[in-house]
Amino acid sequence: MDFSLTKKQEMLKKLSEQFAVNELEPVAAEVDESHTFPEENFKKMAELGFTGIGVSRQYGGSEGGTLEKVIAVSEFAKVCMSSAAILSIHLIAPQAISRYGTEEQKKKYLPRLTRGGELGAFALTEPDAGSDAGSARTTAIFDRETNEYVLNGTKCFISGGSRAGVVIVFALTDPSKGTRGMSAIIVEKGTPGFTVGKVENKMGLGGSETAELIFEDCRVPAANFLGKEGQGFKIAMQALDGARIGVGAQAMGVAEAAVDLSVKYANERVQFGKPIAALQGIQWYIADMATKTEAAKALVYHAAYLADSGQPFTKMAAMCKLNASENARFVTNLALQIHGGYGYMKEYPLERMYRDAKITEIYEGTSEIHKVVIAREVMR
Amino acid sequence: MGFDSAKIEEFRNIWVFCEQRDGKLMETDFELISEGRKLADERGAELIGVLLGDQVEGLAGEIGGYGADKVIVCDHPMLKVYTTDAYAKVLCDAAMEYKPEIILIGASNIGRDLGPRCAARLHTGLTADCTHLDIDMNEYVNFLTTSSTLDMDKTKFKMDDVNLKMTRPAFGGHLMATIICPRFRPCMSTVRPGVLKKAEYSREKAEKVQVEMYPVHLNAKDIHTQVIEVIKEAKQMVDLIGADIVVSVGRGISKDVEKGKELATQLAGALGGGVVGGSRAVIDAGWLTADHQVGQTGKTVHPKIYVALGISGAIQHKAGMQDSDLIIAVNKDEKAPIFDCADYGLVGDLFKIVPMMVEEITEMKDKK
Amino acid sequence: MRIYVCVKQVPDTSGKVAVNPDGTLNRASMETITNPDDLMAMEQALLIKDKNDCQVTVVTMGPPQAEGMLRELLAMGADDAVLISSREFGGSDTFATSQIIAGAIQHLGLEKEDIIFCGRQAIDGDTAQVGPQIAEKLDIPQITYAADIEKEGDCVTVKRMLEDGYMKIKTSTPCLITCIKEQESGSRYMTLNGINDCYEKPLQILDYEALKDEPLIETDTIGLKGSPTNIFKSFTPPLKGAGVMLTGTDREMAASLAKALDEKHML
């Protein structure tokens, strides 16, 4: 199997790396510490076309597919997990509209979400519906008289929700049917009845704002309906399959960086008269970290390949996410250990990477729910 | 007149292009004249300064004082401010007429504009930014013995070679290359400012120097660029090259850039007054302006004392400072390569150590 | 209007540099990059293209592998690329290199409103000679060390840096300008759609056959034979021996330094 990148993908990798090192890395600690969304950098991502990956050029996108997303997100993750998460999660909305939207919706929203620099968000989780997305309670009841949907309910832990211009909200258009009554609706920022609730204070990923979204008699034109009635759960699950590869890419990137930093530090740090790299204990750590990270990368690339070649990839997306995220925690933990006291200090990026890595085991589906998905796929 | 750069036997004497700005000679001119004197003696030739400008005849004596036998003065109102076209025309016209064997030019922003244009017009070779010059082979072999890692016992040379051997750093200082221009004349070289040593000024020689006025033929049609204005930057020019004390800062000040620069200034003051320089990282980050840069792409300094604060000592930086008389390095990384070329190394946090250095040095001076 | 940007692929001398035992550079072990000053030239060209209707052509002389660099510049916004590559051109010094590039530009055509941009100098040789020598051979005005450039019609105004200030210089096109990096300014990134398009943009290869009828291209003006300068000797400089690492607390180190300086009569 040929896993080598095309020349254009190599160029994208180089561009992503340059952009990450020059623009994202210098502010990575600051955006995390101050819990500030990196507004400027998101704008620059849009100008260069990162926010339009997977979207056709006629709508302002930059083409490409899952592998292109993996390349950009993993390079970003090497220096700033917040930025990698922002891009990875943002891409869900334009890609879902690309796939399920009407021509009008594509013309209206895609240019804004790509070159236009507006952030997209994906609102599925509710206070009582996390892994169990089927128990969501937000409703969108059709009002025949005005040809509008009326949204009521609360979404929580929505990445970018507080500043997204365009949110894809999953709500029950027919509460009696459970998940089969769930639909997807595009809601714009500023729509009356749509307010941002609590902005969360998180363990990591400070630059990526996570918010509660509240809908109180929020009226949305029927033209904003995405896909068919009752198709919402399917749209959500499909979007999550892609998003999981994105999380895999984040986890893979942060792990690669942790390995590189550890090798560098181990060579520089002298204790007992020689670099700690000369100690077999450290060498074994690094051998494990590097091997597992390569394996994680292979699964992520494989999942991206399946997705881009039109093959079923639900199982592989879940596997790559589960494996890469557990590896990210494993590797950042050992990397921090290798860095010793310095690793624990805010002066070094390790403690941030360690905190940031943890989220990859939780969001877009916990490790446990991934095992459910994987078992279902493997054991059927 | 018949000028053919390939007829090398027709060329003799050594020229130094003496750059002046606002009627003042550049420091490099004196370095080049001093070096030119040595080369002229090796070659048994005359050393001639070539001076272009408007009403600059009065500067000829100064050039003589550093060793020139003669000064050719090209005086013309259109030479008052440097333009490539006017200066290249006059220098080339004169060179075609007098046929010098060698032309040395200071590698200033002006010299490096003028040199290549003239070399192309004269159809000859030019070697840029040289740091060492020899004609005599014995001198050259001595130079290699002390300044290279070559095994001299195994290296054979034709000892009667009389080409100018122009040595310069290449690949960011990782390599040195000696270049010759064997088939064409004049052999041209731009020479890095601040590298060659200036001779003692002699009033006697200054008075004895011959002055020859060269008839300049220039008219407006010869000049295709128009200098609208010349601005001296209000900020003081950082005289890194001439400074006895240079205290440079590197990436290590990132924690508190302003404080780091202030500490460097204080230390320079304690050491007797000096200039603050910076590594490429510092200039790239915009913490200091480009005229502060020490290193391969910046300035080459050889002060009496050079202090490197929080500079790791990448080879490009070393290229610009390793010939300093005494090098002190402060870095928190004991493996930083800067310590390889430092006379005194202090491992630790510069924000803590430098204030103590200032105190200790000041106290030591006060005791005397 | 056409803007030529002359670029060079160089070994990255800021990274690890390996030198062979014979004193030559181990190029295989080094990464290649686009010469940093040339990226500034590229940026200046693109700034003009942002405001004017013009064609930006990137030109390089080098081995076939230099295509990768040209594709990157196309992805940054250049319209077309020219790779001057031929065995006959190998071994050229700055004189012969400028001869060949000038010949290639004559071959491509230089019109009244055109500009040629170069970087001030390349980090491998640091000569800063090829730009001015191209200008001389094309008999057009040159402005070196350019920071800001404004173009209006066939007139350009340039801020030309000096060690102690700058000059404002005006000249008419066609002309050649060499660019430096002033602080703050940087070159732009490739864009994703630029990358999508860069392999569809034209890239022309000019070899000796293609250029041999140009007046500037003669067997004795190009390549090793056309180079007035030769390398007489190349060598590595000796490393200065390590000095003394001071020990003790911060205070003790500072005190022993002061003492040492005093003993050397340096204070």
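To keep things simple, chains are lettered A, B and C as they appear, and every chain counts its residues starting from 1.
Assume a residue touches a chain if its C-beta (ideal position, glycine included) is under 8 Å from a C-beta of that chain, and two chains touch if they have at least 3 such contacts.
Only a predicted model underlies this, so the values are computations on that prediction, with no experimental measurement involved.
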item	value
Selected pair, greater C-beta contact count between A-B and B-C	B-C
Chain whose Cα mean lies nearest the overall Cα mean	C
Chain separated most widely from subunit A, comparing mean CA positions	B
Cα-centroid distance, subunit A relative to subunit C, in whole angstrom	40
Centre distance in Å when subunit B and subunit C are each reduced to the mean of their C-alpha atoms	21
Separation of mean Cα positions, subunit B and subunit A [Å, integer]	55
Where subunit B touches two or more other chains at once, by residue number	334
Partner subunit C, residues of subunit B touching it in the complex	21, 81, 84-85, 88, 108-110, 112-113, 115-117, 119-121, 123-129, 144, 147-150, 163, 165, 169-184, 224-233, 237, 271-272, 280, 283, 286, 289-291, 296-297, 304-305, 314-316, 322, 326-328, 334, 339-349, 352-353, 356-357, 359-361, 363-365, 368
Subunit C partner contacts - residues on subunit A that touch it in the complex	7-8, 11-12, 14-15, 18-19, 22, 47-50, 52-53, 57, 62-64, 68
Touching residues on subunit C, where the partner in the complex is subunit B	11, 13-14, 17, 19, 23-25, 93-95, 98, 121, 123-133, 135-137, 140-145, 157, 161-172, 175, 181-184, 227-240, 242-246, 250-251, 253-255, 257-262, 264, 266-267
Touch list for subunit B against partner subunit A, complex	333-335
List of subunit A residues in touch with subunit B within their complex	268, 270
